[in-house]
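Got a structure for you, questions after.
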Amino acid sequence: MEESLIIAREALAAANEAKYIANNTWMLVATVLVFMMHLGFATLESGFVQKKNVVNILFKNVMIVSIGLLSYYLVGFNLMYPGVEGGVFAFGGFGLSLPEGSAGLIDYADGRYAYYTDFIFQGMFAATCCTIVSGAVAERIKLIPFLVFSLFFVTFAYPITGYWKWGQGWLDALGFYDFAGSTLVHSVGGWGALAGAILLGPRIGKYTNKGIKAIPGHSMPMATIGVFLLWFGWFGFNGGSVLSADPGLVSLVFVTTSLAAAAGCIGSIIVSKVMFNSFDLSMALNGILGGLVGITASADGVSIWGALVIGLIAGGIIPVSVTIFDKLKIDDPVGATSVHLVCGIWGTLAVALFGNYGQDIGTLKAQLIGIVAIGAFTFSFAFILFYLIKISLGLRVGRHEEVKGLDREEHQAMAYT
Amino acid sequence: MEESLIIAREALAAANEAKYIANNTWMLVATVLVFMMHLGFATLESGFVQKKNVVNILFKNVMIVSIGLLSYYLVGFNLMYPGVEGGVFAFGGFGLSLPEGSAGLIDYADGRYAYYTDFIFQGMFAATCCTIVSGAVAERIKLIPFLVFSLFFVTFAYPITGYWKWGQGWLDALGFYDFAGSTLVHSVGGWGALAGAILLGPRIGKYTNKGIKAIPGHSMPMATIGVFLLWFGWFGFNGGSVLSADPGLVSLVFVTTSLAAAAGCIGSIIVSKVMFNSFDLSMALNGILGGLVGITASADGVSIWGALVIGLIAGGIIPVSVTIFDKLKIDDPVGATSVHLVCGIWGTLAVALFGNYGQDIGTLKAQLIGIVAIGAFTFSFAFILFYLIKISLGLRVGRHEEVKGLDREEHQAMAYT
Amino acid sequence: MEESLIIAREALAAANEAKYIANNTWMLVATVLVFMMHLGFATLESGFVQKKNVVNILFKNVMIVSIGLLSYYLVGFNLMYPGVEGGVFAFGGFGLSLPEGSAGLIDYADGRYAYYTDFIFQGMFAATCCTIVSGAVAERIKLIPFLVFSLFFVTFAYPITGYWKWGQGWLDALGFYDFAGSTLVHSVGGWGALAGAILLGPRIGKYTNKGIKAIPGHSMPMATIGVFLLWFGWFGFNGGSVLSADPGLVSLVFVTTSLAAAAGCIGSIIVSKVMFNSFDLSMALNGILGGLVGITASADGVSIWGALVIGLIAGGIIPVSVTIFDKLKIDDPVGATSVHLVCGIWGTLAVALFGNYGQDIGTLKAQLIGIVAIGAFTFSFAFILFYLIKISLGLRVGRHEEVKGLDREEHQAMAYT
């Protein structure tokens, strides 16, 4: 063979390998960023709870990451991406199923990332849905029952509905679109949060005859750290969901994600100023999160103006939603249902309204079907699971323990000396 | 066409695309790192203020990021990089101006990064200059007036002087050099900080007949977290300013940046130990920041020894500068003017003294012109703006509010329960 | 020359350059991640000490990074990677020795990263070994003596034993394997910690006639932040130790590292629940760290199941080891000896038990020789150094100062107002 052909082929192979390395590196960096969201949730939630329950919420968050990664390795990954045909669910077997020697082969995922990259990126996502629940049920749920719930929720509920869309299941075939998980991750967590908050009932003293009593979080700096870390992690959450380092797409996702977050902050501040006549930091923080959740379904296919509107509305939803849940006496200490469930639904609908996916009225229908189907499945799953735990292990700590704080009773430790 | 030529061309295109992906990925990672500086400032400043003003400083920092990103999108980016000829300023139009479909085209920026990457990286820079101001005016400025100042400062002042150099304006033509913004970002913020601190006057009780009263920050761990996060972010701030992932240059920038920070710590500790006979953590922290600000103008073109000297001197400047500002009764709760303004000027001069840019006496002249021109413009802009706000909206909170704390009065919330 | 050959050669060069850029970018990102471990240690250790000693531990951690980077630049790097033949040690000269113009040349390290990348990645590692020591000797060691110890320890002890393996010294020739430093970094720090804790003796009131008194850390949120940041940094610590962005290897390392951390959490919680009948957050946190230290020696060459077992056992070791050290009246406020020394030894042995390196009984022997040789050298070095400091400068603060707290006496500052 002539020299030029040999070199040309060698060059082409090297160039494809370079693309593979660059793409895979971004996916790994995105994985690290998403990992940081677990610290974001841990600090956000601990900032928003009372001092007496801080060790408990930290303990739960540490355990959720650990349980989530292990169960996703054992079951979840192959339930969400079974690689085999299935109806409502399918299962590809326990553990990681590629022969280990082939893990780095370039022919996986069209040479965009390695097999283990796929697993660990998705694995970091999985546990977030339980963390969302943990905020809403904080300050009154028993430790072991909550961990049992988390184990089942992350092992079965999250991967099954994830499979419906991202695993090329029936919702995907229907045209349902959810780029990085406004519904598949955030609403799923939010439905679990709602089921838990309803079954547990409100914290003692929250809703009294004299009205609703605000129970302020013990550390606003901690909550603020949490929101910045979540925004930081969202660059990986949304940016990594491109599933390659495609410069045009990932950079677009960075812009839409950031501007929606910023607009969410402004939207929430305006509405909360009007509603409560106060510059409320916790509303600004949840407004940012609302904007981030809202843009997550369409961050790869929306105009900049679309992103701004989506974020602004998501932020504006927050104070309204928080107020409504309080009227309904559904007590959620960190506002997780408003942020993740309500803004998650809004973001999923926004795909049909603002997306550049060539959508039509059929898209709106598909989005609605997806929201309802996943909502019905997840809420039922969570409600039944919580209920079974309630009648077996018990769900709520005793009155004395709740008043004294979960740290003292469940952990024999204080957050601060 | 013969096979080898076809494959060779395909390989060349793939190789260039791979370089594009790799370069762009680094710029996006740098963007994420710079984003983290906003959390760094938020924690640093909240650590250095009194407990009663923590919610207020956090609220301001959250709002600044949001306002900064939105206004930079609407106006700032095209004012700083107008892409059209102009004198002292030029404007390329509102919003992002490339057709959306072309956002990922490889022919933008010589294939080093995508259009949206350019915007979001620069956008993360923009808001930092206002954050610098917020520390210096903390604990006594009214909320809305400060946000109004920030909006105008980040929308007009920062992009206009930025254009003079980075937008290929007249200072660039003159030979002025400022790699990543010792002057263009840090001094600009510092001049705004100085104007604000002068017009506001010192906090009640700071300068008394009996001398200067130290008002210690409420949380040294929070301040320390802030400095580490800022150092972390500076890898993106300086490393990303290479505007590609060039291995030799970015790695050099990492080394000069890190060693200048380390030397700044040592320089500040030595001088402050001599001056105050104490191992002062806040001086160590501000010494690191001083070293980082100092190296920012020349991080890409200085020898390692040069970086060490620049950092050491910048660190040594800190305790001296803080003392001088206190003698002048210019009250700056976090030392922002010393860190960002004074060390920013030092770093800009150091380009002429230690840089490897083939500079001569003309370089020193250009640096001085740049420092003076940007200083005169920015200080005047900020002073007039603050003054107009002072005589219209009012700038300073009432005595009662200042004593009780801004959190209670402006936010009806406490940082800690 | 014909056109196709010219283009083919150009394409090959461009492809190799693209690989170089992508690989180098990952190494720089890994550097940034490892840098974050210093904040992780700072927050972990400050969370685990009493409120009165927080400024002191923060000051030490800030100084260690600075001293570590500077001394590694001046001496350490060329002592660890001398590039020349040597026996027990060799030295390549002061400072960085490549001509500056050649720093970005692609022919360094087979085109995987630039010279300065090599230095700064390794430099971020170096200081961690002293940080490990600082936790164990906290709340009673004098400031300057500790910094003198750190300077010598990081300048000589760490690079010399590092050279034995990573600098292609005699342990490397023997077949000793330690991927990212279970022994070379963590045990080395752990031996220093042990020597210091023994020579200092326990804190006043820790071991009394009535038994062991728990001295709880002052802030569990701070400690939790520390552990998450360390895990975050470990993606760079282990992932960067691949020394390229090889997709298969780095992604494998991500998976083994994360699952070992998760298993470490579970292992520690199970054993501590059995031993202490309590869900102990500090054990969960140290269990994660134990799992991370344990997997560090073999993260690139172990099966997933192997990683799980290594992490589970490492986590289970923590409560047992902490208890044993307490029985021996070796007082270690943060558990650094259990985490870094004991789990570091375990991880180094695990290479022989679970690794996929084609090992045999000779591997176990080599691992044992490495553990013993490095342990004997480092412990002796640290013990003698601490002893010389003890009889010259003095090592321990006075009783009054220890009771009142080091912050007040050494820094004239409080962590919180």
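As written, the chain order gives the labels A, B and C, with residue 1 at the start of each chain.
As a convention for this text, a residue touches a chain if its C-beta (ideal position, glycine included) is under 8 Å from a C-beta of that chain, and two chains touch if they have at least 3 such contacts.
The structure presented is a predicted model; accordingly, all values stated were derived computationally and were not measured.
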Any chance you could name the chains that touch chain A and chain C both? B
Suppose a student superposes the Cα atoms of chain A on chain B; what rotation angle should they report, nearest 5 degrees? 120
Determine whether chain B and chain C, two copies of the same sequence, contact each other through the same residue numbers or different ones, counting it as same when over half of the numbers at the interface appear on both sides. different
Inter-chain centre distance, chain B versus chain C - centres from mean C-alpha coordinates, in Å: 32
Pull out every residue in chain A that's touching 2 or more other chains. 4-5, 7-8, 11-12, 14-15, 18-19, 21-22, 25, 29, 219, 225
Can you check the complex and tell me which residues of chain A touch chain B? 2, 4-5, 7-9, 11-12, 14-16, 18-19, 21-23, 25-26, 29, 33, 50-51, 216-221, 224-225, 227-229, 231-232, 235-236, 239, 245-252, 254-255, 258-259, 261-263, 265-266, 269, 278-282, 284-285, 288, 303-305, 308, 356
Under the definition above, what is the set of chain B residues touching chain A in their complex? 3-5, 7-8, 10-12, 14-15, 17-22, 24-25, 28-29, 31-32, 35-36, 38-39, 42-43, 46, 54-55, 58-59, 61-63, 65-67, 69-70, 73, 95-96, 100, 103-106, 113-117, 119-120, 123, 143, 219, 222, 225, 410-417
